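Listed next: structures, encoded as structure tokens.
Okay, so chain A shows up in both of these, paired with chain B first and chain C after.
This part shows the complex of A and B:
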């Protein structure tokens, strides 16, 4: 709901890609954490693509995925890479441009 | 009842070897690194870890048809290719069997929680399968590990990496910088060493005043190995380890090689044995180089590939100075049968000299070799190492059947303590040389003359005479010394000084 005049400018659409290694502990946790963020501060203004390197190992090679899980913010630019299971909510949100977030 | 024994694990036995193709190294480990296991290369910055690993991969692809993957955490793939090109390895030809993964971590990243190496391992595993790779290098693993920023996570991930290598049937070479002792950084080498099946420590150590590269196999599970420090050099063709070649020793031959001086051949009842080492010692000015020159000239005349290595002079100077006493090397240099090489003393450390000489012997299939003077390798505080290296070099030459004549200045530590004419001074090069010829100055009727004597000649019935060495414009000849003669007084003084 956008009720206050302050919010008339919509936050830009987020385009994210999450690289996971099957359902290994850290990867599964990243998926769960991202789901939580979607229900909370990130909202639905988000386009998410999940790449499983177990299924597409060639992509891990060409797209420079050394560690898993890894979340890449593709849009808006600049591109940003967030390593890890996304349990550090504050760091994740800041990296995605939600500067004023406080839990 | 019968008892059957089944293998407990599917991991290949530790004693299966993977040759690195690095000269002199595989012999230290009975054939190479443990196949399908992890080898750790540790050392400070600039000690040759990356090159060592890269060479193992290149040689594997080139000589053993074993494709490999190089995961570079520290350098760009382009940098590595350029380095390889300077060593004459044409990686373009090996495109199908070598893959470089640029795994430098992006500077801009955010830590959003714990992570693992599954992405990397999956990617490398898929690539290895696709190209049939058997060798994988992880170069500069410390870079990746520092990203984990958690000692426990590091151990967990390295354990994962090591298990993964075994499961995939890959032989892993991991390089890691040694801990520099700085505060706040983690010493990972300790746990990495306990994890790896084989650990090779490389170092660049000051010996005397010169930096010398040394390697040591600190650990190798399930395999007897050479455990002492072994010198190595990085030459223009890569890493060269100076090790013994005991298994390759040629059978002793009774064939003779002329010394180039007919009268000396007569004293040796036919000349030197082929493949033996001859030491010519003496004070400066006793015509050691001329004796050496005559030997090499005779070899070149017989069209045997020959080499004259000068440590104190330039190649041109050697040819000119010997020509002045009638030893003409120029035509043989021109025809290519003789190489005159200058290995100036100050440019390299003794390991590099020896590595270079070994390389030249191999390239030109040298049959007769002069090292003039071998004493140039010692000094500057590297005496002990020089002696060991000379032993290794002579051993190498003998394993190839090369006849070596080395000159040595009297008083050099390489001769051992004592003087050339004292038979009890059996140390240093004089003890390992098969034949020892000593040149000296003597006084006869108020005149200084040169004299030659054979101190020893293994397996040869040799003359015990002291002969006069006559130097003319036609080279060296031997004459008779008529009694009485005595050592030149100045020389006698330096003889006492030479003793320890």
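This part shows the complex of A and C:
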């Protein structure tokens, strides 16, 4: 459950990591929903890393992944975790710190 | 160890973990989760659910296939019951019982100390019968709340068995006692009968010689004849008792069926007397089977007593128990006991030969009679069957492989003329029996008496001119068998003229000895007519040694 601090860049990048369970339905949906976000206003500022817990089970364990899909906002701090298939875009954006966003 | 009050930093971490776990549960509930963390690594939710289901089914099947009764209750109401419990109560569906008061189908046997485990309860079946259950209580958390788990075992059969073992035990002791008593009664009874017969014949002769005193003598004579009849009945009872309580189960031989049926009928007379008339429907034609007389006797006695118990007391005129026997066309002896009693339903008939099944009131039947009878008959290569209908009475039929009648069984009824006067030696340690026999036989024969085998042995060494030697089997210093063996060596011709008297309750040695010889054997108490016939037979067979003396 530790955050992995990285060098901060300007303009601030949004560093996200998505833990998935192979191509299971909810995981696939989460990936698709994130890609949609990328096409929106977040665009270039989004840096996304996808981790398959079946391919890296050790990592899932050490990084405290209780369930998948799980999205972790690594940067900017504070770290934040979102569980589920990310289909509620508004709630996701709000959790990530984009209060005023509306599609 | 987990510290109960975590320090600050750790506290925050624990709180975070709880929040994470809560969130994970919420996500799981929303159906948006694909995998969960598992000790062995991430696992697909579907697989985890299946694993959980399997694990749950595994434990459920354990409980549901237990031979025990398992139920859970809370505040006196049933929460869960396993299928065996439902079956025992007679429920199709758990819903019929769950939520209802335990006392609807359970009753305490006695006021119970709550700390006592195991304890006994009575389970009332829907069918009305009651099962005895040995139960053990245990407090558990069930479905998130405190409850009581009860594990029970049906001990109805065990309790019944224990009761019957006690009864069987008692029966065995009574049997042994009866055999002993019969043996003890035999000797005194023998001389009671012998003396009564002697006095009776003397009075008869006196009456002939003194016709002027006929009146008082007739009275005396009829009193004596009554006494004799009574003694004769005692003799038959003793004989039947001996038969019933014969300790030797493996002993087999030709069985005179007619004699056995008579004995069984006598024995059952007391049960039948106030309920029905007993009709004996068999001739005097000998019927013989090979087997154990005491055990076959037990079968017939049991059928007769059952027949009697199927008829209520009171109306002896309207009710009949028929005991019949005949030779079957297929070469078997068929014995039937038919009663005009209440008959049996099809359900009762189906369970007739099941051990412990009984329709008699508690304390009257062990439920073992017919099942034992069936075993006995089967061990004789025979069959036992029943025919019945409610209100139509019942017939029990025993079929046994028959045996051609043997000389030894039929032989004693052979009539031999009284023949010539012979010289007879009586050897019996019971002096009163010896003297009464002497008195009885003196009119027909010349009698000498010895009260020990040793005395007889020394007498016979110098004087062997006896037509017949009547020899008791059981004597203290030297047995009849030992005397016979000594004589067989020194004087085989004399040995052939031995007739043995036995009081029953044989030892195995005596039994083996009697089977090994061809000499006549007379059971005590002695019937004078029978003894005279046998003596005459021995005299007729051999040349006259006494005459040459």
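As a working rule, the second predicted complex is superposed on the first by the 92 of 103 C-alpha atoms of A that agree within 3 Å, B and C clash if a C-alpha of one lies under 4 Å from a C-alpha of the other, contacts with A are read in each partner's own complex, and residues count from 1 in each chain.
The working rule: a residue touches a chain if its C-beta (ideal position, glycine included) is under 8 Å from a C-beta of that chain, and two chains touch if they have at least 3 such contacts.
Here the structure is a predicted model, which is why all the values come from computation and not from measurement.
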item: Partner chain(s) touched by A:69 [first = chain B, second = chain C, both, neither]; value: both
item: First, second, both or neither for A:37, with chain B first and chain C second; value: neither
item: Chain B versus chain C as contact partner of A:61, first or second or both or neither; value: both
item: Partner with the higher number of touched chain A residues, chain C or chain B; value: B
item: Partner chain in contact with A:53 - chain B first, chain C second, else both or neither; value: both
item: First, second, both or neither for A:91, with chain B first and chain C second; value: first
item: Partner chain(s) touched by A:81 [first = chain B, second = chain C, both, neither]; value: both
item: Partner chain(s) touched by A:18 [first = chain B, second = chain C, both, neither]; value: neither
item: Shared chain A surface residues [contacts with chain B and with chain C]; value: 21-22, 24, 26-27, 53-54, 57, 60-61, 64-69, 81, 83-85, 87
item: Residue ranges of chain B touching chain A (in the complex, touch as defined); value: 101-103, 105-106, 108-120, 122-127, 144, 147
item: Residue ranges of chain C in contact with chain A within the complex; value: 16, 20-21, 23-24, 26-28, 30, 32-37, 41-42, 44-45
item: Chain A residues touching chain B - in the complex, by the definition given at the top; value: 19, 21-22, 24, 26-27, 29-30, 33, 53-54, 57-58, 60-61, 64-71, 78, 80-88, 91-92, 94-95
item: Complex contact set, residues of chain A against chain C; value: 1, 20-22, 24-27, 53-54, 57, 60-61, 64-69, 81, 83-85, 87
